[in-house]
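Each of the two complexes below includes chain A, the first together with chain B, the second together with chain C.
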Partner chain A sequence: MALLSVSHLSRSFGSLLAVNDVGFSLDEGVMLGIIGPNGAGKSTLFNLLTGMLPVSAGAIVFDGADITAAPSAARAAMGIARTFQIPQPFATLSVYENLLVAARHAGRMSHAQARDHCAAVLGRLGLRALADTPAGGLRLLDRKRLELARALAASPRLLLLDEIAGGLTDSECAELLAIIRALRAGSVTIIWVEHVVHALLSAIDRLIVMDAGRIIADGPPHDTFQRRDVREIYMGLDA
Partner chain B sequence: MIAEFADALVQGLLLGGLYALFAAGLSLLFGIIRFVNLAHGDFIILAAYLGLMLVEATGLHPLLALLVVPPFMAALGYAGQRLLLNRVVERGLLPAILVTFGLSIIIQNLLLEVFSANARRVPAGALDVASVALPGGINVGVLPLVIFAAAVLALGGLGWFFRHTMTGRLLRAVSDDPPIVGLIGADRRHLFAVATAIAALTAGLAGVLLMMKTNFDPAAGPARLLFAFEAVIIGGLRNLWGTLAGGMILGIAQGIGARIDPGWQLLAGHLVFLLVLAVRPRGLFGGRRR
Partner chain C sequence: MTRRWLDKQAHLVVLAALAAALLAAPFALGRGDLRLLTEMLCMLALAQMWNLLAGYMGLISIGQHAFVGFGGYVFFALAVLAGVPLLWALPLVLAAGVAVALPTGLLAFRLSGPYFAVGTWVIAEVYRLLAAQVSSLGGGSGISLPIALVRDFAAHPVLRDRLIYWLCLGLALIVVLGSWWLMRTRVGLALTAMGDSEQAAQSCGVPTQRLKRALYVVIAALSALIGALIFLQKLRISPAAAFSLNDWTITIIFIAVLGGIGTLEGPILGVIVYFLLREYFSQLGNWYMVMLGVVSIGIMLFEPKGLWGIVQRHTRWRLFPVRHRLNDQAEE
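Let's turn to the complex of A and B:
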């Protein structure tokens, strides 16, 4: 059974259809990449999946339950976590506390469980030395790491990554990619929206291309990316 | 002369504890929910009348009202936020201000209807006259000392709560970024109500302490609100110990003003407030930009 199944999902802002009749389903353990030009509806799709925006039409089913109208806190508790393109840590909380609140609430862990789990996540993301630093004072790479760490602190079943490689140098990007690959080996299901296509294609199992709110292609990453219509729309190539 | 000055200093310092407690609830709500509770002073006076009613009905010592009135106020605060204020808080500053302004008028008129306009005070028995002698010939009443100690304990307790408990961390998180709190599985509307409950708890504490210290009447709330604003702004937002210092500075200014001329008590406080506002608009201990 699919972990996530989205059907006829739409969201309009006034007369603009930001997400237009989108449907796909995603099996457990798969890593799905989504690309598309700015304004294609990728971030809106994430906001609909996490409940930060109400849908205009359509349905979202997660793990067999219809969550179309569920509040974001309930979805988080069911195991959906996300990161933001612009990291949004709780600035006055320490790095460790940022993880702890997520583990205790979204992750439904006891205090002892949460402590051990957060320590492990901090270690995995190389944030252990910064554990007691207020999150507001971190540099970009560390903020991105924290963004991912806070999402992982909840032990999610579905992880939504929003342009996590953006703004990083090649070596920083490679470092993050190694962490994400390790996650996939740990059977977390991932949807990753990214502009840094080479990083994305090297990691994902399946690629969806969006344009103007619609899904225009869906399939194996390299074949899908090589399709002429995809390259024209996405890259603006006049090949 | 010097002894008189020192006496005014000590009295003002002790009064400052109570002002800081007035201010704590106000700055807490502004910090966490970003709304200005114009009825905060009236909550304090409401708590004082609740304490008065309790003492008159049961004959308990007024200090024991500290165990009853603050929890009751907290429950009232939680319910008020869930049922009323949560409907307006995320629609900008103005709707919330209008609603709390309305609440302020309703509370004042309700108190006037039930208790009449007469000024009241709750005698604290032997505590009223007990005093300890400090070196230098200054006598300090035990009651002001008790009030100061209770206020400092309450502020310290709040500080500990925000740093070391899970709910405290969540409240700081919701203050940093309300929409994101949902994504870590927490219900921000519940957290808003918890914040209001804590603010109402501090108003309850302040009201019970105030009823033993001074006369109050149904219209006394707005003046407490003004003192709370002044203490917060002198001390700087988001800093409990700064708020305590702000309260003390305000108290000392009022104490010294009153010694110069009884009519100058409030004026001296306002002048110091204006001076701080002009020189350090972020407050003496604020400074950190968000």
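Let's turn to the complex of A and C:
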């Protein structure tokens, strides 16, 4: 059975259809990449999946339960975690406390469990030394790492990454890629939205291409990316 | 080792000494000073609660006087209309506070941001107007507590002042220590997170709306109880005094901002400095108000973390440590 299935999902802002009749389903353990030009509706799709925006139409089923109308916090507790395209650290908390929030709430861990788990996640992401520093003062790469670390602190089953590599240098990007690849060793299912296509293609099992709110292609990464219509959209970016 | 232990536990020593001094204060202070201290404790409790609402949850309420006034009026109504002994009336006021906060919150929470602020103020105005309509409670000019009930509560005025003081002290301790306890739990972590990014907090599983509503109701009920105690001390209530925007909201906000919002120590520092300012400068009349205005604008512009923020630039010492640390185990 699919972990996530989305059918006829739409969201409009006034007359703009930001997400237009989107449907797909995703098996456990798969890493799905989503690409598409700016304004294609990728972040809006994440906002719908996590309940930060109500849907205009359609249904979202997660692990057999219809969560279309469930509040954000409840979805987080069911195992859906996300990062934000523009990092949203809890600036007055320390890096470690940022993770604690997710582990203690969405992850439902006891304090002792949370402590060990967060320490392990911080170690994995190379943030251990920064654990007790305020999250407000981090540089961009560390803020991106923190986004990822906080999402992982909840021990999610489905992880949504929104342009986590955006704005990073090539070497920083490679570093982050290695971390995300390593996640695949665990059983976490990932949807990764990215603008930096080369980073994405090497890591994912499946690619969805969005344009103007619609899914225009869905399939194996390299074949899908080579499709004519997809290349046309990416001409300006990738040629 | 001993030195280190003292450093770690200094805040507990200071708190215990402070609590002991406050408990014993009635035996050392004259009536006037004791009444002043009672007032300070009430203002401290209100400021600490406003700080939780606004400083942590971003709920800028400018209508907390609704609950202070409501509590005062319910207390007087129970005494005057039903003859309920004053001590018994207090828990009933708490219950009434919950009962009125539920629908009030339902209304106020339909609004957000500046509309929430204005909404809470309008609601408080409506309560004041309603209170002035109750002719059995003196209408617009107000009413006094029945002498017999006051004598039952405490035979002698000195004893009465002491009892009221200890009740207010107890309530202030519950609010301050309760806030400290709360901020050390996972709920406190969530409250701080919400203040930074509500969306991110939700994505971390924090039911932000539910938390806001729950805390709003608890704070409203405790504010009502404080209202009852304030007007028990005054022995007289009127709509203008009970629902005073100036006394129970503006002053409270001033105290919280002065001391530093978003910290537990801020309101304590704020209340002390505010009463010092008031004692020494209030005879200046209008200029005193101008001075308070200038001070608060100055703080907001140059020291948004208030006086406690200035203190924290020089020492990491906290009276109420709440942080969770990973690498320095000893600091837990």
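Convention: the second predicted complex is superposed on the first by the 235 of 239 C-alpha atoms of A that agree within 3 Å, B and C clash if a C-alpha of one lies under 4 Å from a C-alpha of the other, contacts with A are read in each partner's own complex, and residues count from 1 in each chain.
The rule we apply is simple: contacts are C-beta pairs under 8 Å (C-beta built on N, C-alpha and C of every residue); 3 or more make two chains touch, one makes a residue touch a chain.
Please read these numbers as outputs of a predicted model, since none were measured by experiment.
On the superposed chain A, the two partners chain B and chain C do not both fit; they clash. Once the two complexes are laid over each other on the shared chain, residue contacts for A:L140 go to neither chain B nor chain C.
Contact with neither chain B nor chain C is seen for A:A59 once the two complexes are overlaid on the shared chain.
In the superposition on chain A, no contact is made by A:A70 with either chain B or chain C. In the superposed pair of complexes, A:R82 makes contact with chain B and with chain C alike.
By the document's definition of touching, neither partner reaches A:I216: not chain B, not chain C. With both structures placed on the common chain, the touch criterion links A:A131 to chain C but leaves chain B unconnected. Once chain A of one complex is fitted onto chain A of the other, the partner contacts of A:A119 are limited to chain C, with no touch recorded for chain B. Using the contact criterion defined above for the overlaid structures, shared-chain residue A:L100 touches chain B and also reaches chain C. With both complexes placed on chain A, chain A has more residues touched by C than by the other of chain B and chain C. Comparing the two interfaces of chain A, the one with chain B and the one with chain C have residues 50-52, 71-73, 76-77, 81-82, 88-93, 97-98, 100-102, 104-108, 111, 150, 154 in common. Of all residues in chain B, only 166, 169-170, 172-173, 175-177, 179-187, 290 touch chain A in the complex they form. Contact residues on chain A toward chain B in their complex (touch as defined above): 50-52, 71-73, 76-77, 81-82, 88-93, 97-98, 100-102, 104-108, 111, 150, 154.
Touching chain A in their complex are the following residues of chain C: 186, 189-190, 192-193, 195-197, 199-209, 262, 323-328.
The part of chain A that touches chain C in the complex is made up of residues 50-52, 71-74, 76-77, 81-82, 84, 88-94, 96-98, 100-102, 104-108, 111, 115, 118-119, 122, 128-129, 131-132, 150-151, 153-154.
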